[in-house]
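Next come two complexes built around chain A: one with chain B, the other with chain C.
And now, the complex of A and B:
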C-alpha cells in the first residue's frame, strides 16, 4: 500500500490514465461536513454489524466503565456526517461519489476500494458535533502485474465541537482500465 | 482455520513486553449472510448503492447477485476485536478488502496477537484479524492496535 509513485517504463509513450484536470485537484478539500451524533443511529449500526455490546446500549454499563453515557462504536464515525444522497443522483456504478470529490478517470472505469486506515484518539458520545473534512492526498498512476492503474488516496480528519481531533483516516481507491 | 495467520509465538520477541493480554475468543461464525444483512447495514450507514441489494442492477454490472458492502464484513471484525479487547481501547484499525462476500456465505472471524509492546506510556497490542469465507478465501484482513489497560482501571473490560 505504498503511495510512492512508480511510473512504469512503458507508460511514457502511452496516454496517461490521470487527466491533467484530475491531477490538479491533489490537495483539494472534497468534503467538509458537520453532523450531530445520534445515539439511535449508532445503535442501529451496531446491530447491523451484529455488535450487541452493552456498552453501546446500556448507559448503566457505560457509566460503570467510566463513560458519561453510551459511547459511539468507533467504526461508525465515518457514517456520522455522510451525505444524504438522492437515489436519482447516484452514478451509473451505484456509488454516490460526492464525498470523494467526484473524480473522473474516463480511461479507468473499473473501480474498487483499496483499503482504509483509521486512527482513533477520543471517545464520541450522543450529542457530540462531528466535523469531517476529507482531502485528496494523492493521485498516482502505478503499474502492477495486471497492468496500469490509478491509485487515489484521501485523508480525512474528524473533529468534535471542542475542536479536538477525534480520529484521522486514510482511504484509497483503485481504478483500472 | 487460522493457519494463515501469524501466531503469537512467532512474533519478534525483542519487540515484546511482558504483560497479560486477554486470550483471543474462539472464532466467531457469522451466517449464512443474507440480503437482509446487507440492506440493514446499508440503511444504518447511509450508503444506498443498489449493487448491494438490487438483483437486476447487480446483474447489469456483471455480478451474479448483489454482494455485501465491504465495510460490513470489516466491521464484523471490529465487533469481534472490540468484544475481545474493549471498544474504547482501539487506537488503529487498518483494513484491506480482498474477496467479495455473497448471500449465503458463512464467515469466520478470528484474530491473533502479533506483537505486544510499550508505547507512549501505554501497554499496546497489535492484532491481525481475518474474515474467511466458507471457501477458505479471505474476505477481509485487518491489522489493529489496542491499548491494554492496567488491571483494575475503568477500561479494563467493557463487555463482560
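And now, the complex of A and C:
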C-alpha cells in the first residue's frame, strides 16, 4: 500500500467550512410562503423599535398623505411571512432556521446577520396578502481579520394579492467557527 | 409622538446636509419586545449565560435587525409622513449591548429630481443618503445607504 504524500504546510489540508451538500443547494428556493398582513403585528413591531410614526398608527394622518389606511412600516416586510417554529426542533442556540433553508455548517456554530438590501416598490396595508419567495443566491467561504467564515446570501421577492412586486431584497448571514 | 414635525421637501435638501441624529440606548426590555415582534428565539438576545459562556460575548447582544430598524427610523423620522423609503442597504459590522449609547445618522450624498415619471401623482425627487449606526465611542456598528422619495414644493 503506497503512502500518500505528506500534507504540505500550506492551507490545502484545512477542512472546508462549507459541506458539499450545502454548496449543492445554491439556487434552491428555501421559502415560498404567503401570509396576510396584520395591522396589530406591524404596530407591535414599530412599538418595539419605539417608532411612533403617526403614519403607522393614525389612519387620518395616513389618508392625508394619500394612503387608504395606515401603511405597514417597510422594514417589517421581512417579518410578514415568518413560519411557525417547532420548539423541539430548534438549534441549541434557539434559532429555528425556518425560512432560510435550515442550512447547516457544523464547523461554524456562531451565526450573525451579515447585511441586507431592500428596494421598496409599493406600500402595503393591513389585509394585503404577501407572498415571500426566498432563494439561496450564494454560499462562499471567506477570510477576514478574525479568521475564516461562511457568507450566505439570499435573494427574496415579495408580491401582493394582485401579483404586483412589492419589494426585492438581498440578505446575508455570517457563520463563524 | 404628540405632534407631527414639519414636512421636509426635496427642494430644501442639499448634498452634504445631515439628517437629525437619533440617539438610543437599548435595554433588555426593548430587546425582549423586539424579539417577540420578530419571532426571534436566538438565545444570544436574552440568555446572558449562553451569550457569555457559549458564544463569548460580554453580554446579551442587541439584535442586528433592531440596529437596522433604528437606523431606518432615523431616516423615516426625517422624511416625514409624505416621504417614502425607496432603498435601504446596511451591513452589520459590530455587536452592540444593552446600555450602549447608539447613534444613528445620515448625510445627503445626491439629489435627483424625478421628471415626468408619474404625471398623475405629485412632483417628487429622490435623495440618496449615506447612513451609519455608531456606538457612543465612535465605533461603526452599521454602515449603509438609503434612497428616499420626497415631495416637491408647490
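The rule we apply is simple: the second predicted complex is superposed on the first by the 164 of 177 C-alpha atoms of A that agree within 3 Å, B and C clash if a C-alpha of one lies under 4 Å from a C-alpha of the other, contacts with A are read in each partner's own complex, and residues count from 1 in each chain.
Just so we're on the same page, a contact is a pair of C-beta atoms (placed from the backbone, for glycine too) under 8 Å apart; a residue touches a chain by one contact, two chains touch by 3 or more.
Only a predicted model underlies this, so the values are computations on that prediction, with no experimental measurement involved.
> Should the pairing of chain B and chain C on chain A count as a clash or a fit in the superposition?
clash
> With the two structures laid over each other on chain A, which partner does A:74 touch: chain B (first), chain C (second), both, or neither?
Once the two structures are laid over each other on A, A:74 reaches both partners.
> Looking at A:45 after the superposition, I want to know if it touches chain B, chain C, both of them or none. Which is it: first, second, both, neither?
In the superposition, A:45 contacts both chain B and chain C.
> State whether A:108 touches chain B only (first), chain C only (second), both chains, or neither.
neither
> After the superposition on A, what does A:94 contact: first (chain B), second (chain C), both or neither?
Both partners, chain B and chain C.
> Can you list the residues of chain A that meet both chain B and chain C?
Dual-contact residues (chain A): 41, 44-45, 47-51, 53-55, 65, 73-75, 79, 82, 85, 87, 90, 93-96, 112-120, 123.
> Under the definition above, what is the set of chain A residues touching chain C in their complex?
41, 44-45, 47-55, 61-62, 64-65, 73-75, 78-79, 82, 85, 87, 90, 93-96, 110, 112-120, 123, 174
> Using the touch definition up top, name the residues of chain A that touch chain B in the complex.
1, 41, 44-45, 47-51, 53-56, 65-67, 71, 73-75, 79, 82-85, 87, 90, 93-96, 112-120, 123
> Which residues of chain B touch chain A once you look at their complex with the stated criterion?
The contact residues of chain B facing chain A are 30, 37, 40-41, 43-52, 57, 61, 70-72, 74-76, 78-79, 82-83, 87-88, 90-97, 154-155, 157-159.
> For the complex, give me every residue of chain C touching chain A.
Within the complex, chain C touches chain A at residues 1, 4, 24, 30, 33-34, 36-39, 41-44, 47, 50, 54-55, 64-66, 68-70, 72-73, 76-77, 81-82, 84-92, 95, 144.
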